[in-house]
Amino acid sequence: MKKIVTFGEILLRLSTERHLRFSQATNFNATYGGGEFNVAVSLANFGMETEFVTRLPRNDIGDCALQEIRKYKVGTDHIKFGGDRLGIYFLETGAGVRGSKVVYDRENSAIATIELGSIDWKTVFADAKWFHWSGVTPALSSNAAAVCLEAVKAAHELGLTISSDLNYRSKLWKYGKEPKDIMPPLLQYSHILLGDLDTAFFMTGQEKKDPNYQDTVSLPKIYDQLFNSFPNLKFAATTLRYSISASHQKIGGILYDGTSIYNAETREVTPVIDRVGSGDAFMGGLIYSLIKNPQEKQEAIDFATAACCLKHTISGDYNLATIEEITQLAAGNTSGKVSR
Amino acid sequence: MKKIVTFGEILLRLSTERHLRFSQATNFNATYGGGEFNVAVSLANFGMETEFVTRLPRNDIGDCALQEIRKYKVGTDHIKFGGDRLGIYFLETGAGVRGSKVVYDRENSAIATIELGSIDWKTVFADAKWFHWSGVTPALSSNAAAVCLEAVKAAHELGLTISSDLNYRSKLWKYGKEPKDIMPPLLQYSHILLGDLDTAFFMTGQEKKDPNYQDTVSLPKIYDQLFNSFPNLKFAATTLRYSISASHQKIGGILYDGTSIYNAETREVTPVIDRVGSGDAFMGGLIYSLIKNPQEKQEAIDFATAACCLKHTISGDYNLATIEEITQLAAGNTSGKVSR
Amino acid sequence: MKKIVTFGEILLRLSTERHLRFSQATNFNATYGGGEFNVAVSLANFGMETEFVTRLPRNDIGDCALQEIRKYKVGTDHIKFGGDRLGIYFLETGAGVRGSKVVYDRENSAIATIELGSIDWKTVFADAKWFHWSGVTPALSSNAAAVCLEAVKAAHELGLTISSDLNYRSKLWKYGKEPKDIMPPLLQYSHILLGDLDTAFFMTGQEKKDPNYQDTVSLPKIYDQLFNSFPNLKFAATTLRYSISASHQKIGGILYDGTSIYNAETREVTPVIDRVGSGDAFMGGLIYSLIKNPQEKQEAIDFATAACCLKHTISGDYNLATIEEITQLAAGNTSGKVSR
Amino acid sequence: MKKIVTFGEILLRLSTERHLRFSQATNFNATYGGGEFNVAVSLANFGMETEFVTRLPRNDIGDCALQEIRKYKVGTDHIKFGGDRLGIYFLETGAGVRGSKVVYDRENSAIATIELGSIDWKTVFADAKWFHWSGVTPALSSNAAAVCLEAVKAAHELGLTISSDLNYRSKLWKYGKEPKDIMPPLLQYSHILLGDLDTAFFMTGQEKKDPNYQDTVSLPKIYDQLFNSFPNLKFAATTLRYSISASHQKIGGILYDGTSIYNAETREVTPVIDRVGSGDAFMGGLIYSLIKNPQEKQEAIDFATAACCLKHTISGDYNLATIEEITQLAAGNTSGKVSR
Amino acid sequence: MKKIVTFGEILLRLSTERHLRFSQATNFNATYGGGEFNVAVSLANFGMETEFVTRLPRNDIGDCALQEIRKYKVGTDHIKFGGDRLGIYFLETGAGVRGSKVVYDRENSAIATIELGSIDWKTVFADAKWFHWSGVTPALSSNAAAVCLEAVKAAHELGLTISSDLNYRSKLWKYGKEPKDIMPPLLQYSHILLGDLDTAFFMTGQEKKDPNYQDTVSLPKIYDQLFNSFPNLKFAATTLRYSISASHQKIGGILYDGTSIYNAETREVTPVIDRVGSGDAFMGGLIYSLIKNPQEKQEAIDFATAACCLKHTISGDYNLATIEEITQLAAGNTSGKVSR
Amino acid sequence: MKKIVTFGEILLRLSTERHLRFSQATNFNATYGGGEFNVAVSLANFGMETEFVTRLPRNDIGDCALQEIRKYKVGTDHIKFGGDRLGIYFLETGAGVRGSKVVYDRENSAIATIELGSIDWKTVFADAKWFHWSGVTPALSSNAAAVCLEAVKAAHELGLTISSDLNYRSKLWKYGKEPKDIMPPLLQYSHILLGDLDTAFFMTGQEKKDPNYQDTVSLPKIYDQLFNSFPNLKFAATTLRYSISASHQKIGGILYDGTSIYNAETREVTPVIDRVGSGDAFMGGLIYSLIKNPQEKQEAIDFATAACCLKHTISGDYNLATIEEITQLAAGNTSGKVSR
């Protein structure tokens, strides 16, 4: 089976327990995660061959990240070593009317200082059929953006399917460039785009021509504007999130295939155990489903959305739900019965 | 005060914390529980004299279980010692759309290898007025089933009231027998039967004659079919569970006394802290109420159902709610005010 | 900036984790709190100069409390040392239909044995503009009540604004006096009164003349009865709490300024992480808002109520929400979005 | 088998983890203990029938203590209920050159306010052969001292063997009496006395006539002075403790039977996990051994001393070492091999 | 690089924290381990290619074990799936004069019910140069013993170096066979034997001809008796353990190459954090060193012994010390300086 | 009382629990520390007025550090805010033959990017009598080194006593300068120098003229070489550390006053709970003692060394031992008795 390759950063995640605020914490739970790695874990859990490409520092913290990657059966053969530090993010988990807080401490991380040409993408992609990246990586540094472009070009040349998650984080993009300067050339090669429309227009520097966004009839037209700009695009998808509170979300999803809109049913997600990585869970579900049954678009958006819902019940960055659990939820079973 | 005797297995329960999945757990909370023991704890907490009969291995883990039984003031005078191991179950606590998971590791436990005749039931029951057992015990092994039959016969001869919880677990019953082969003779002596009607018909190998189960008028008729098969039956009861999600249940209850149906009000139970043992909490509440005020059937089903609801808010297998707390909830006070 | 002084008890709070019942606890989380100190922490977090006056025992537990006070930038210059012990309260956190339980162990605490005249209130208030106390302090002992009276008289003489929280606790008041014997002279000097009307009438020994309490028209009249008894009163306020369950509250608030009633919108608060201290959070928010913008009464009740709501999502006695978080919630943003 | 009765206080013990100082603790381990109860647990673990007499408050914390007593199979039939609070002690565990610290918070505990005549000692002792008490109980309050005297007189009249542990704690004895006022009449009835000679002379208000304490020849003479004052004395014993550091002790023991001195070998005890209750472990071992083989005095002091050593390796107040473990250590096996 | 294959059981290890006794534990740390897997982890940490062959149940607990194997970069390609359960062992960690306790609960584990012929050893060994097994596997069941024999025969035929650890556990060997019935044919193919001489003679059913075991001159002669029985033997090695207490060991080592005895210096190991798996750490060090520098026998025994010492400072079953740490200790640096 | 000012970095310290290796950690204990802040905490605990000058980022992690500083009653009035991140260090606590490991992640911290002139040292020192800094600060960046020089010059001009700890860390000093380039001008103003002689010569770029370092006679001569280079020097001191293992140290100390050598007795320190910050504990003890009794030089080195010993028994960076505890140890009481 040919592999799915993802490229990006894996961070040390330090989170407070029991909804404590940062100022109350005397210890942090230490896990690992990062958008593109999270997608790889989802796919590996679904039984697919995966490879995660990143750069790790040669120290004990970098080694911990490496063990974590291996634990989830994600390939590590093309990871580079070097740089000074692993990026960190601190997470305070909210509840009810109090939202979660993220404090980034990821500047000068190993991947931010990666050098162009240091990864032999031809070898990386030799055995691969799919490449996934997200907008977090080009947001880190001009080096990371350059390597990302190098990767999508190589993937394109070798005929891989390319998926992209816009993943806009306003607190990144601090190296002097704006998304609209960087993202359009990167997105030229994408077949699948994840992200809401407003973000898509913003990050690609476009103005939405048809403002009647909410109108079902006009939705395909708006998507078409994007499809026209990025000629390789075959699918655009997004989660639909209605945030009742930090502990209660309603989650739906939309898939557009250039012709029709496919909607997944909106589900109640409460309580929210951990919403970080739920977009990555959606992405992982979508890739899996589009590989397994490329023609079953309704099934794909249902599976992706159910994966996203289930992720909210799982602590940490990754979606550890099984195919069986996701399929059952996609089929409408929300009862949460005890399995024994 | 004469005692209530329960007979069955007590297991080591190893559960993950903070809704973690098994693959995330680096430690397990270690508690103890098992259907029939859980009922005994409920009754001891309500101030009744109880005795739990089981077989424990002579090792440190068996000793831990013994201390746990004593802690809750449940009698241990007739426990047998022998066999190789204490049964274990692993519990992963779900949330929202993700259900909890139980992994059983209870084969070849001390009670599964109990020998017929090893317990002197006449002595056990000498000072007793009530005997409770459940369908889990005969599901463990032919030995356990045989000792269970020996017990109900002795209890019957000595004039004890006998209550039974059907407690069907499809992952048990692995020793070559089906429920319908084993349960009918055991149930001959029961006065009180806990379990939903479909399970009752399935485990007793009967076909429901009147399929209009949902219809209030026909419900007594369906129960009568059971009452006709098991001539000692005086009461049948069941919880009514509507599972919105793993974290949100609606719980009601029904009691049938051979003449009339008594319904307990359905209550919202959210969040669910731990639903394991909530059926045992119902059973404990029902036994207590029927002993205290045998004629107050509405009170009995209200108390049993409120006990079941409160159990969902308590971690571990046992219902540790007090009579006062249960009575207040049965009276409709769901406000969860701070007591100070 | 002139200081806000609060006077009262700080206790060691020993709470069970993970909603465990007391009988299941093998360890207790140890934090500190007490109504008047909680108000001081709120105000210090909002950037105001505060001073907490209390009496602490000269032992390691008292020293821990002292460090806690300093940690939150609350002034400690006028704390007295002496007495035998720090008061303790044990907290079992409920869930859903099971309420939380508090067990007080605060008799003979350092502040209960405080001696009249031991605090030089003139010095304490020299640099102050506001004094806050609550009905818990005079409930502790006749000594504490006497020092409380000494304080309000001194504050009055020095022209400070005085706020009072009725804070009725039926399990206190064990030294032979009833609230109606003690509270009226204390309340003579209050400008701001927190507490529901029934409690206010009960603690001041009055009978409500107009019983049509629910009627919006009559509400000002009922308040006027209080305002007539306590001539310095300028504001009366109360939280409005609808307790759906221990995990789900609806929280509103009312402010009366002698002329008009100001209502804050009622909000859903679920899940409740910790409701202890939510009244103190309201009080802290009200004081802050009335100091910042004395004329903006609607803003004041909105801010106070939002502070109270947010406190329910925070573990421990104190409101650690920021002005920005409270202002956003007061403006209607309940979505609990991730801040990153 | 006739019972061994012990009488005294059981306290909630709140200890810091991982050698943390009090000021670093954000939680406390919650266990229970108290000299006379610790002795009862030792004896129950050795398979003897025991009964613990005390007074517990009727609140949740008192109930926790009650469950703890039952857990260890110590009889609870004669416990009285009443009073306001369970005594507490805080424990900071030292290491190396830093000693452990205890902060007592046990004034006004349930047992300190026990009333003379409230315990029917004749019924308590009806089925008993041995009574054990310690000098902590008369140190708590005049009430506790009076009940203690009542108990020893009743035990004496009923012909029980009486053992006493001097257990001097200078921070107790705060109610206006000194040990020499209270202890001599209590000790009149003792057959066995535990404590070092200096403490014995101090607490009984005597001056040591022969000062050459260290001299082996004179040691019996000094003991004889005590034996002459307390005519029922048959045995005096003491641990010998050489404190290298908080983590390293050398422990020996001496037994005098009115004729000869029996010495147990001094053993290295390092690391010390928890030394609280090691004297009680010695006492429990001595009572057990003197009951089992009254003539084997060397065996008795060896067993008691080995029990004391093993206690230092066990967390909490009680000695949970088994007879087999103690016997092996008493026989000189200090190797701490893995048992598997 | 050709692989090193080990074959055996991996168990779930449930250990108490903070030296607690089993009866005090309310949770267990959950890790994984087993002699042959521990050796594989050591070798993988040293940078060698390894493969662990075992049988795992298809349930969540088996999946956890699988993730653990991957985490440490040990190959999993030949693991079989089936059977009912993962074996478990409970561990109570001793201290000082109290030894650790192991309770085995590993009967009927997946590997105990492995079927002869189910593993294609030719494929397993295709890419391998070394095979390691231990005496625990044939002790589990006749099935496991038969598969073990199958493995050593295949390894022999394919020319692999074979190492064996006697690893005698008296509580295993419960299926009706004794070591002397099973071990000799298995050891026929071994090149390297780990274990003390007494165990070697006992498990191979021989009587030691020369009893002057302690005498340095006679030691080679005694070893020669073994080498004569097992003609493929090239090396015999053993740790030398002097157990001062559970917390203090002295550790040396001996290697015999058929000609000369090589002694490693004996080192103080205190405190002992975890001694389980220290023999496996020795074995892993020995294999590594003999592969790297087959002629440097003194270096080999020094490295193996230092690895064994370091393992005692590391929690869990595996030796996680690095080559650099081991080499430094082997060179005599015991100072435990801070590396920063 | 005039203040003692210290200047340097405070870091977030993330340490593994229970001697776990980094690769085993699933959570980190989060505390704070840094050489110069640790000295300030020591002095504040001894009752002295202190002020800590640093630069903190304006984020939640910086706020946590600020609360920590306040908790220990160290002044915060002159802290600057700005920069991107708080420095971090990861700590793996060793045991026995395995040393502890520190991984620094402190580049680009708030203090490393501090700007020259941003601190108004005249105001800082207005109310101060003593300034303490260490060689860690100039090792961080050229900015930090420049501000450090600015500080010592200002302190010198204002007549403060200046103490310096050489604190050489080879993994710092990465910005292109060597200690010998930076330290000599800084040390010109020092009155008290802490550090061993080899480090002193290395960091000041000198060659030791008299190599007979071990010889008591020559020791003053060697020190005199330093005193000649740095004309303000009045005292030089160093701890003497003999590292038996990570868990066992022997600790002594030396003070030279330009005339005589004062030696503190060497003490056994075992077990080592945490040795990080033990040099700072020594420094804190020395400053305190020299301020209290400037003429009692033997007392000063005894107190400083005892403080250093006690620090090893305390978790975290700070010495939380009391004056009484240190004085007792300095007087030779190493017994670690229980204080109760």
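When the chains are written out, they are named A, B, C, D, E and F in that same order, and each has its own residue count from 1.
Following the convention adopted for this analysis, a residue touches a chain if its C-beta (ideal position, glycine included) is under 8 Å from a C-beta of that chain, and two chains touch if they have at least 3 such contacts.
The structure presented is a predicted model; accordingly, all values stated were derived computationally and were not measured.
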Open item on the list: On the document's contact criterion, could you list the chains that touch chain E and likewise touch chain F?
Closed with: A, D
Open item on the list: Based on mean C-alpha positions, I'd like to know which chain lies farthest from chain C.
Closed with: E
Open item on the list: For the two copies chain C and chain A, is the contact made of the same residues on each side, with over half of the numbers shared, or of different residues?
Closed with: different
- [ ] Between A-B and C-F, flag the pair that has more C-beta pairs in contact.
- [x] A-B
Open item on the list: Suppose chain centres are the mean of their C-alpha atoms. Which chain sits farthest from chain D?
Closed with: A
Task: Centre distance in Å when chain B and chain D are each reduced to the mean of their C-alpha atoms - done: 43
Open item on the list: On a C-alpha centroid basis, what's the spacing between chain A and chain D, in Å?
Closed with: 63
Task: Numbers and ranges of chain E residues touching at least 2 other chains - done: 23, 26, 67, 101, 271
Task: Interchain contacts (touch definition) - all pairs - done: A-B, A-C, A-E, A-F, B-C, B-D, B-E, C-D, C-F, D-E, D-F, E-F
Open item on the list: Can you tell me which positions in chain B touch chain E when the two form their complex?
Closed with: 14, 22-23, 25-31, 59-61, 63-64, 67, 84-85, 88, 90, 92, 101, 103, 105, 107-108
Open item on the list: List the residues on chain D that touch chain F in their complex, please.
Closed with: 18-21, 23-24, 94-102, 104, 169, 171, 243-248, 271, 275-276
Task: Touching residues (chain side chain E, partner chain F) in the complex - done: 17, 267-273, 309-310, 312-316, 320-321, 325, 329, 334-340
Task: List of chain B residues in touch with chain D within their complex - done: 67-68, 70-73
